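Take this structure, written in structure tokens, and hold onto it; I'll ask about it next.
All chains are identified by letter, namely A, B and C, in their written order; residue positions are counted from 1 within each chain.
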Amino acid sequence: MSIPLLLCISFVCFVFINLIPSDPAEVALRVRQTPIITEEAIMQVREELGLNDPFLLRYIKWFIQCLKLDFGVSYTNPARTVLGEIGRCLPATLKLAGMSLLFVVTLSLPIGFFCAVYKDSLFDRITRGIIFMTTAMPAYWIGLLLIWLISIKLDLLPTSGGGGLKYLILPSFTVSLTYISTYIRLIRNNMLENMKEDYVLYANVRGLKQKDILRKHILKNSLHTCIVAIGMSIPQLIAGTIVVENVFAWPGIGKLCIASIFNRDYPVIQAYVLMVGTLFVVFNLIFDIIQYVSDPRLRKEVC
Amino acid sequence: MFKKLLKNKTAVFCMALILLLSIMGIFAPLFAPNDPYENDIMNKFASYSLQYPLGTDQLGRCVFSRMIYGIRPTLFLSLVTMLGTIGLGTLMGLLAGYFKGTTDEIIMRIVDMMLSFPSQIMILAVVALLGVDIRNVIIANIFIKWAWYARMIRTNVVKYTDKNFVLFSRCIGSGERFILIRHMIPCIASEMAVLATLDIGWAVLNISTLSFLGLGVQAPVPEWGAMLNEAKNVMTTNPIQMIAPGIAVVILVASFNLLGDCLRDAFDPKEAQI
Amino acid sequence: MKTLLEVKNLSVEAKSKKSSTKLVDNISFSLKEGECLGILGESGSGKSMTCKAIMGLLDKNFQIEGSAIYENNDLLKKNSEDMRKLRGKEIAMVLQNPMTCFDPLYPIGYQMAETFAEHLDLNQEEIKKKSIEILELMQLKNAEDILHKYPHQLSGGMLQRIMIGLALAMEPKLLIADEPTTAIDAVTQYEIMKEFIKIKEKYKVAIIFISHDLSVISKIADNVIVMSNGKAVAQGDKNYIFSSEKEEYTKMLIEKKMAVMNRYKEILHNGRRKVYAAGS
């Protein structure tokens, strides 16, 4: 199921790029700031970029190159390869995504847990109010506010730029905030639903301690769904850093992507979309498998 | 159904707020004290006064007037996006769910493929493709988001197609179009209403985010996201420029979300979760 | 035989934001050691609610009035920690849907072990031995294997037996059985009923048996309460209820059941009608 999907994604990517109204050869010439664009120059660049071959042939050539991880050269700067560009910026984004994931997991699990256990208490209601507000806030505004409050007013952390841990905290917290609200809600609702299940009633009937029931039975059942949900959104996390990277001037692939869009640097955009699409499919597959393996009900029965 | 909604105080409050903002946007010239495009560099970063209720920005323009005029692109564009997305999504969902068979298969495969991409990225890609312009942003949004709604509507339609009154209607010989319009649409109308309100919220956030990145509404058109983009650079000298449009966005989106939640509760009390 | 449980004027009301409904209205009964009380009634008549209230399993959305005296203590006035210690040990309960009552993520052996660990002071070895003993007592073969199995790998009948075994393992004084045979097929139903009768006669455990099935109640109960809409419409000795009760609802229940039974017997004995004697 996933392999045909991957093929489809790559095909769609390629088709997309070829739909652009402007002529890539012309654009390339313009961006390279060639003073006079003549017909011959365009023809030459066409040959250079291999644009004269038939469609399917170009697709196959391009696909093979992708498999070799050769995404061509950047239109804006032919001296650099697309792979090189992406490789330069990717680690920074991965660091950002990783830290955000850490925030999400460490904050949403306990808070969601306590919201469910102390349902309708003051803590629960305040948390729900905060969550509601956060979902209405645009991510970049949260980032700006945080910069203003913490970096400028309180001068605790640096405002922007890439670097070590100090630089990482604010951007990753901003990214994680949107996901934290979703997951707190998810965990809370999941746990509340599980609390109504028959096995909880039976555990009570057997006289087990409340905290044992919470920990061993309700939490484990809820975690199972939640971890899979969190895992499947990892690629979303990686892709969604674009805005935050912009606000905090974090040197990741998001910044690269925006710059490419403005410069119409199509190979970079193409590679980026392809990469994210592939990540999506791969992660979904991995977490599908994890879900299958960890739930005894889904494994084959040996009765 | 509507009566139940009107009894809910929160819903009435939200609707009133949205209505107020819409009226302010439509009749902007009446409400705004100044012309939003008028520069007065000498007067930049002025403090609050009667003439400039929220002060001026880095080009000497009245912030308050820009916010009021900003309602227009923000709200209007989101509305158009929402209508397009939900329109296309509902149409496809109806067709897929009602006719089943091959139509269903084809549409659902396309939906699956579209859903397997992260929507933000796809929207960026489409904007990249078509060029940086607000129309392309709307097209990109519609092009990507319809899949989500199509799937939801289809699930609902499939639930209703097997109900007795539809079968009976077919028995007495009503045409397919008749059934679709007179029976199906009222059934899913409640779902659609909830989705519509929640979607406007999402559309507002999305359009302002893209404008913030410089990919949507272009300067000097006043739009809240674009205003925040400009405010980013002058954060230290004039913080109000950054705070005001942000709060405005939050209030607008929160009202729509709250309204959507209230609608959902009004139409199906079993679904009241958070 | 002394009285084990004395329930007086028990009422349960469900409180919600706008209204409150009375789910159980003024129920009183008394239960002696080794005796079986059958609670008979249709779905929604309040049978399970009564027992859940006695066990302290209802949350604060329910308002409970009345008293339930067990060993000179009012169960309804006890705090939750004390009730918890009683539950599973002295007062045990068997529930209706064995398939959903066990946590699907843990094997059966683990769930049995945690119950033993909670109430008894045994080490791992002893717990395992006891679990196997119980399973064999319930006539389940391959007891060792079953301990490692997950709930979805076992049938409803087996799970029900495990539940009964687990309840019995604590040597309770009172066993409440909430429609234990409803979700089971007829053949297994017969076997399970045999177990219950053994529990009553051999181990002398007092049983409250809830069901909507007359035939099952007639087999095991000594006294019967008939409930409808939360109220006790008839109460007394089993034989009296089944043969001479004048109350309308009860009479209707019995007549309908008898009609089915008589037709069944007619078919079996090729047309010779026999008078159905209650409790055969």
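As a convention for this text, a residue touches a chain if its C-beta (ideal position, glycine included) is under 8 Å from a C-beta of that chain, and two chains touch if they have at least 3 such contacts.
Everything numeric in this text was worked out from a predicted model, so none of it was measured.
Student: With contacts counted as defined, which of the two, A-B or A-C, has more C-beta pairs across the interface?
Tutor: Spelling it out, more C-beta pairs touch across A-B than across the other pair.
Student: With centres defined as the mean of C-alpha atoms, identify the chain lying farthest from subunit B.
Tutor: Greatest centre separation from subunit B goes to chain C.
Student: Take the average of all CA coordinates in subunit B, do the same for subunit C, and state the distance between these two points in whole angstrom.
Tutor: Here subunit B and subunit C have centroids separated by 55 Å.
Student: Could you give the separation in Å between the centres of subunit A and subunit B, each centre being the mean of its C-alpha atoms?
Tutor: Centre-to-centre distance between subunit A and subunit B: 23 Å.
Student: Taking each chain's centre as the mean of its CA atoms, how far is subunit A from subunit C in angstrom?
Tutor: That pair's centroid distance is 53 Å.
Student: Where in subunit A do residues touch at least two different other chains?
Tutor: In subunit A, no residue touches two or more other chains.
Student: Per the contact definition, I'd like the list of subunit A residues that touch subunit C in the complex.
Tutor: That would be residues 197-199, 201-210, 212, 216-217, 220-221, 224, 295-297, 301-303 of subunit A.
Student: Please give the residue numbers of subunit C that touch subunit A in the complex, ascending.
Tutor: Contacts found on subunit C: 55, 57, 84-89, 92-93, 95, 97, 100-106, 114-115, 118-119, 149-150, 152-153, 163, 166.
Student: Residue numbers of subunit B touching subunit A in their complex, please.
Tutor: Against subunit A, subunit B makes touches at 113, 116-118, 120-122, 124-125, 127-132, 201, 205, 208-209, 212-215, 225, 228, 231-232, 235-236, 239, 242-243, 246, 249-251, 253-254, 257-258, 273-274.
Student: Which of the residues in subunit A end up touching subunit B in this complex?
Tutor: Those residues of subunit A that touch subunit B are 5, 8-9, 12, 16-17, 19-21, 128, 132-133, 135-141, 144-145, 147-148, 152, 185, 188-189, 235-236, 239-240, 242-243, 246-247, 257-258, 260-262, 264, 266, 269, 272-273, 276-277, 280-281, 284.
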